[in-house]
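Provided herewith is a single structure, encoded as structure tokens, for subsequent inquiry.
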Amino acid sequence: MPKQPLLEINELKTHFHTERGRVTAVDGVTFHVNEGEILGVVGESGCGKSVTSQSILRLFDEKRLAQYDGEIKLKGTNLLELSDEKMQSIRGNDIAMIFQDPLSSLNPVFTIGHQIAESILLHQNVSKKEAYEKAVEMLRLTGIPAPEKRVKEYPHELSGGMRQRVMIAIALSCEPQLLIADEPTTALDVTIQAQILDLIVEINKKLNMGVIFITHDLGVVAEICTRVVVMYLGQIVEEANVVDVFENPLHPYTRGLMKSVPQIDGDRSEKLHVIEGTVPALDNIPKGCRFATRCPFADELCVEKVPELREFKNGQKARCWHAEKIAEEDQEREDQYV
Amino acid sequence: MFNYIIKRILSLIPVLFIVSIAIFLLIHITPGDPASIILGIDASQEQIDELRQQLGLDLPVYEQYIRWILGVFQGDFGTSYFSNEPVTTSIIEHLKPTISLAILAQIITIIIAIPLGIAAANRRGTVADQSIMGVSLLGMSIPSFLLGLFLILFFGVKLGWLPVAGYQPLEAGFFTHLKYLIMPAISLGAIQAALVARMTRTSMLEVLNTNYIKTAQAKGVKNRSIVYKHALRNAFLPILTVIGQTFGILIAGAVVTETIFNIPGIGQLIINSVERRDYAVIQGVVLFVTLSYVFINLVIDLLYGLIDPRVRLDND
Amino acid sequence: MSEQQIVKIGKEQETPLLDIQGLKKYFPVKGPLGNLGGKKGMVKAVNNVSFQLFEGETYGLVGESGCGKSTTGRTILRLIEPTEGKAMYKNKDLFQLSGKESRKMRQELQMVFQDPYSSLNPRKRIGQSLEEPLAIHQIGNKRDRTDLVMDILEKVGMRIDHYYRYPHELSGGQRQRIGLARALIVNPKIIIADEPVSALDVSIQSQVINLLQELQEEMKLTYLFIAHDISVVRHISDRIGVMYLGNLVEEARTDELVESALHPYTQALLSAVPLPNPKMKKERVVLKGELPSPLHPPSGCVFHTRCPFAMDVCKQKVPVMEARSKDHQVACHLYE
Amino acid sequence: SDTTKQEEGKENEGETVTGGELRVAYSAQPPSLDPHVSAAIITAEVMGHVFETLLTTDSEYNIKPMLAESYEQSEDGKTITFHLREGVLFHNGEEMKAEDVVASMNRWKDGPGGRGQFENSTFEAEDDYTVVLKMDQPLSTALNSISQGSSSFAAIMPKESIENADETSVKEEDLIGTGPFTLEEWKQDQHIHLTKFSDYTGLEDEADGLYGKKEALVDDIYFEIVTDSSTRVAGIVSGEYDIAHEIPYDNADQLENDPNVENQIIPGAGTLIMFTNKKVGPFADVKAREALSTLINIDEMMTAAFSDPKYYTLNHNMMMPHQEEQWYSDIGKDKYNLNDPEKAKQLFEEAGYNGEEITIMTSRDYEFMYNAAVVLQAELEAIGVKVKLDVYDWATLLDNMTDETAYDINMVWIGYKPEPTSHHFLNTQISGWTESDELTELMEKFRTQPTLEDAKPVYDELQAWFWDYLPAAKIGDYNRVDATRTSVENYQYSDRMILWNVTNNK
Amino acid sequence: MGTVESNVGLTSVKQKLKKEQRQLFFKRLISNKLMVTGGMTILFLMIVTLIGPFLVSHDPYEMVVQDRLQAPSAEHLLGTDEFGRDLLSRIIHGSKVTMGVGFSVAAITSLLGMIIGLYASYYRFLDHILMRICDGLMSIPAILLGIALMAALGPNTKNVIIALSIVFTPHVARVIRSAAIVVREQTYIEAMKAQGASTWRIIWGHMMPNTISPLVVQATFIFADAIITEAALSFLGAGVPAPDPSWGNILYDGKLVIFNAWWMTVFPGIMIVLSVLGLNLLGDGLRDLIDPHTNQGKK
């Protein structure tokens, strides 16, 4: 890659100290985000997407709760080595974040206008009044009706989707270089979702902002992402551009995921496809491939040896001993149909 | 809300009524009476009886009560058996030093306690936290008379910086006023500060782990501002309650401190009137104190809603 | 497929299990000092909504964010008191039940909350939170309960050792599954599920949806399924209701709704569903116009401000729900 | 100019400086400032500077004229004529006349100061400067009562003040006397402020006790009400107060070592005594009372109460040691301070004591009472008597004094009395239900003597009765310790603190 | 939904998990430094209270008036009081009454305060009534109440406890209420209602644990205050009957001689601090035990 990526994560590990001992929720994650790029992150529930994203901002209490390893480089500076004060100036300014859980992530005692305006005041040189006006504007952009009235309301008076949009407004109002959006549209109806996606893409274009977009909605991924990272149990199992992920996924987990999507025009009477088995516990991780317990392709090798993330054509990467075989199979099947 | 305030003010009437009856009964099961105290140890039974009759103490309790309550309705709280001063005047006179003292002590409490409590919560488990909490425990367990005496001995007697005791009204000049109040305010404030500091710490601990604090961090809000704005406001209800209570206690009279520092406040008035069984004054003061508690608590309840919009005491 | 469907359609002739009639919920808007200075107005969160749930069916409720779906759900369970309306369940109006009766009733009517984190007591371990409903309805002894909880954990795709975790240690999707497990564990008759799968990845989502369907078959469960993901709603629901700004604007059998949506809002909604195919970009019906607020809902048809087909009558007259065909009703002047 | 002032101040050191103020830390607040109605000693200590009496006493307790120029008693002892001094001014500028004296004295005699003595007597004005006291019987204590300067002294105030008075007392603004200080202000619970009365015209004789020249050498006196004893001590050490009333005995040594403070030991401040319940319970039997009196270890009790012999005197007399000149008797000396537990035990047995619980009543409002009671409790328990110690607040204790079920032994103090018959334990009502015809007779006999001189032999009889009947068990007499700053000169005490002729050289 | 027959393997996994969890709980209990230190302190005081009286060499009531106010020495380790009684044995004998009063008052006020505060916060109509009662109770002067109760019921420790409980309960109630009214509005309480939980369960199972923290703070404060106020009341005859010792009494006696007998205030003072400290640590530890965020293991 000729250009320096906006964000580069190398072998990031996040450990939590729990009553049951130390667990590694994110275990050696490596990826990058370029300027102006929208990177999709998908993966099993509980695989560490949120933890990874919050680790980028170092939001876990390092004194008591968490410990980070590896490197998180924002334009070359390793965030993990920064002082608390420096880190503070990066949060919100350079990197903004939309949290997954909108109700508990909004401060119950401040009006939403206040919360948005605060963020504007922090990062832009404007008067209080202007900040409030801007807050109203941001809310309008996210499609909240009667925003002049809504700014005066408190989080508990809003519907789930509205809260989520407030979170989005807060994050976008900072005009960051990097936006981390953790399932930002789950509580939105599709029309509003479309509006929000447009908004994110628009700002992304305008500011050349990098976006990490965590979502479960593969439709959304297909619509706005350029590249996708697939995670499983604290690790990246596949990384590819969006077309490859959908058309020829190399990792069995990705394939399973693709098959599970309910189609708007699918057969309703058929059971949805599921990936059999459950995710192993973080404190009881299999010796070899982490997906081996649930993988239809798994053999001795998988159980014994940890696969590396290997690169294939088009820069597609996968962490699987049998990636080639799977690719071939796919090829064959496609050939048959053609 | 308006309705709520009206309701609260109306509820004052039964409260005062019941308190007045309770206090009347309480007084009358309490042995001792003003007559025997006024007349002293030498008095004979006849003399006492005679004075009791003069003071109307020989009437049945309910009749005394009715007489008194009828007076109250006309704004007359009676006169002190001792000083012959109208009770209202007495209360107002004694209230002045008390209010000054209460405000000053409260300021000291708030200035010391809240930042300390926050600092401790922020540094949970560290040496700083432990020492702050250690000191506050000490503060909690030290009787106010001891602290007062230590202050007197050190600043009053040893260093001679401050007058050991007494009171000068505000008319004597602000600094003179302050000079006399500063030590009692500290000795009162310190103990209350200990409570408030601890309350602050625990309340803050509950809040600091929440997601919205993370949001604030992610927004890039300065640490100070996170703690003082985002977290404190959420943690503030119990703190405010304690502050309100201590203020109430101060208004109701910091008996020990006022005695040690010889401040003619409500606390002294209460203890003296109880010691002298000055019924009229006791009744008046208790009613007054009830009134102030109801008022302070009303203000605090209203503040609850301002601080935390989810709390609406006036719903339904 | 057909067998199942037929059974249900047959059921529709019968009396509904839950009959919501003219439900209204208005929230007063207050200033910082509450009512001081008078009420500032009312948010008409739910405005005259009626629908029926039949035993064993899944009723999908979709609609714009903030249109009152959650409020509808919460009001039915009387977690907030309704302003007006009736909810007939087993010949009783839920809104008239005494405290005790309605507590009893709640074993049969369960709710999955939209916000999974805040609906879990942060101080309780997952297991404790899940055992609670069992204890409330006196199901099993202490030991059985633990077993039951561990079973249900596995069913919703969690591990039994999650029993001893605290909510904050879980991921968003895990919490959501806990919420669902809590509703399922007491064998209810009706589950009001407010976005029960939105935070799940598709494979777990499939697993959960399959589970819901299995249970439904097994135990004749009835779902009120509130969601935004139309594909999911389509997959699971027998009938779908579409809400807009506190009103129910269209209601139809699933296939019919998806294939021939009548209401302009429904059409817009369906067109906005993103497709999981990066190569296929589809034309969306983009809604224009100012978004109305439930504080001051527009006169006439609430949708007229954004409706591409708005007519004069829409501004004046409130359209009423009318059956267009069997099992398909719509409230729109276009079809009068 | 500041420096010059300071230097002037220095030059003046050593000489008597007039002017300035005196701050007296007083331990209690008076119930009233009207000496006619208040029986509290503080009323006398404060108002003794404001009011004067017709007669007064010198340091030897000789009766001397004060507002009266002279007085004479009739042969039969039933009339006493007072010739008033002319030109004596009240603080309001009016001259004192006979009508004022008559009004004052008639009011006084019905109050605690005269009650029980002057019931059938009247004061009448003969002319503007002559007042006559008419009695239907001679009264030995008459002159004594009129001249005494302790509580309920016979203050002279204007007639108008008395006419204006309400049921209970004279109004504050009417508290107008003839003394060297005027009452400026009484701030409840705070202070009583006296100022110099510049038109004061008193006697020119040398000051002696309450008699003689009274000069207000300071401009202001503040009686600060300081109820907490530690605060009084701290205040006198720091110089906040010039005089501290009633220093706790345990602190006195410390003050003695302070070069800036002087202790004033005031003899005969009171008597520590036990009233026994003679109506019901074991002490209804005189044998039990004898047992009690035989038992007690007076040294131990007095040490526990007053810490050091400096501060108390062992005395079997009903009257105080400093009154020995006037009142003394050997009777009872052999029965006092026996400290014989064995004999006591035996006496208790003889009295039929059979293990019932004995209640000692006391109050911690006076710490020494409590201390003595605790020692008594231990002593009684040591000989197998079951004891309960009930501690009350002062008001309750006063109330309980007339409740026969409340106590068996009442451990209290009583104040100094100028003559024996006003003593508590001779009052049948309040000393634990004394019932003795002999006492009634003796009292009558004592009082109806024309003069005290004539009554003195009866005192011996009273003393004998006291030790026979044992209406109360006397423990001992105690002194009071006041502390003064060394800058305060000429602090005197006679029945009460005397602040005239006192300078404060601060 | 029927109970799924769990196979043997799964049962044993469950068994193991449960066992592990129990072990973890004990581990956490032991590794909870606050709780252990607090517990040890309280245990120590208990031992002093129960066994101490048999170990001291002096009779706490024996007076040697000549030896009054002796400084600490080999004979009297902590010196003597104003009657020449041995201070050490008085402090030890006094701990029973003191701890009794302190703990009882703290426990009674906590319980009553919790009941009042929680129910007032839950039922609006009760709020008006209960809080107004509290306002009224708060304004009755403690000394008057003390004297009156003593007169009505006689002076003993029980009445002290009653009087102090009456005085302090409203304080606890208000603090609990302030914490509870926020908890009441939380979604998880709504969720509990949706489960059909009884009011009892909501209040005691869910709201109460969330008000423990302020309760602990307030209760320890009351504990300390009660010990000291007991002494003030016994001056009015409403406290511990003389000559029984209590720390507060010794302290108050010490006040009178504060200028020349420091040991009279310092030693009982230390004991009070120690007990408050112990109680407080125990409370904090308890709080931590139910606080999920502290249950995170240490680094």
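Note that the chains are named A, B, C, D and E in the order they appear, and that numbering of residues resets to 1 at the start of each chain.
Definition applied: a contact is a pair of C-beta atoms (placed from the backbone, for glycine too) under 8 Å apart; a residue touches a chain by one contact, two chains touch by 3 or more.
Please read these numbers as outputs of a predicted model, since none were measured by experiment.
**Student:** How many hops, at fewest, get you from chain C to chain E via touching chains?
**Tutor:** Minimum step count, chain C to chain E: 1.
**Student:** From the C-alpha centres, identify the chain that is farthest from chain A.
**Tutor:** Checked the centroid distances; the maximum from chain A is D.
**Student:** What is the distance, in whole Å, between the centres of chain A and chain C, each centre taken as the mean of its C-alpha atoms?
**Tutor:** The computed centroid separation for chain A versus chain C comes out at 27 Å.
**Student:** Between chain C and chain D, what's the gap in Å when you average each chain's C-alpha atoms?
**Tutor:** Spacing between the chain centres: roughly 89 Å.
**Student:** I'd like the Å distance between the centres of chain D and chain E, where a centre is the mean of that chain's Cα atoms.
**Tutor:** Taking the mean C-alpha position of each chain, the two centres sit 48 Å apart.
**Student:** How many angstrom between the C-alpha centroids of chain C and chain B?
**Tutor:** Inter-chain centre distance comes to 52 Å.
**Student:** Residues of chain A touching 2+ other chains?
**Tutor:** 16, 18, 64, 101, 103-104, 156
**Student:** Where in chain D do residues touch two or more of the other chains?
**Tutor:** Chain D, residues with two or more chain partners: 230, 392-393, 396.
**Student:** Any chance you could list the residues of chain B touching two or more other chains?
**Tutor:** Only 30-31, 149, 209, 211, 308-310 qualify.
**Student:** So in the complex, which bits of chain C are touching chain A?
**Tutor:** The touching residues are 1, 4, 27, 29, 43, 62-71, 114-118, 154, 157-159, 161, 169-174, 176-177, 194-195, 198-207, 209-210, 213, 228-232, 234-235, 254-255, 258, 268-269, 272-281, 284, 286-287, 290-296.
**Student:** Looking at the complex, which residues from chain E come into contact with chain D?
**Tutor:** Counting only chain E, the residues touching chain D are 61, 63, 65-66, 68-69, 82-83, 147, 151, 155, 234-237, 241-243, 255-261.
**Student:** Provide the residue numbers of chain A that touch chain C in the complex, in ascending order.
**Tutor:** Where chain A meets chain C, its residues are 16, 18, 42-51, 100-104, 143-146, 149-150, 153, 157-162, 164-165, 182-183, 186-194, 197, 216-223, 225, 242-243, 246, 256-258, 260-264, 266-269, 271-275, 278-279, 281.
**Student:** Looking at the complex, which residues from chain B come into contact with chain A?
**Tutor:** Touching chain A from chain B are residues 124-125, 210-212, 214-223, 230, 233-234, 307-310.
**Student:** Quick check on the complex: what are the chain D residues that touch chain B?
**Tutor:** 29, 31-32, 37-40, 112, 115, 151, 166-169, 171, 187-190, 224-228, 230-231, 234-235, 237-240, 365, 392-396, 398-402, 412, 414-415, 422, 424, 427, 429-430
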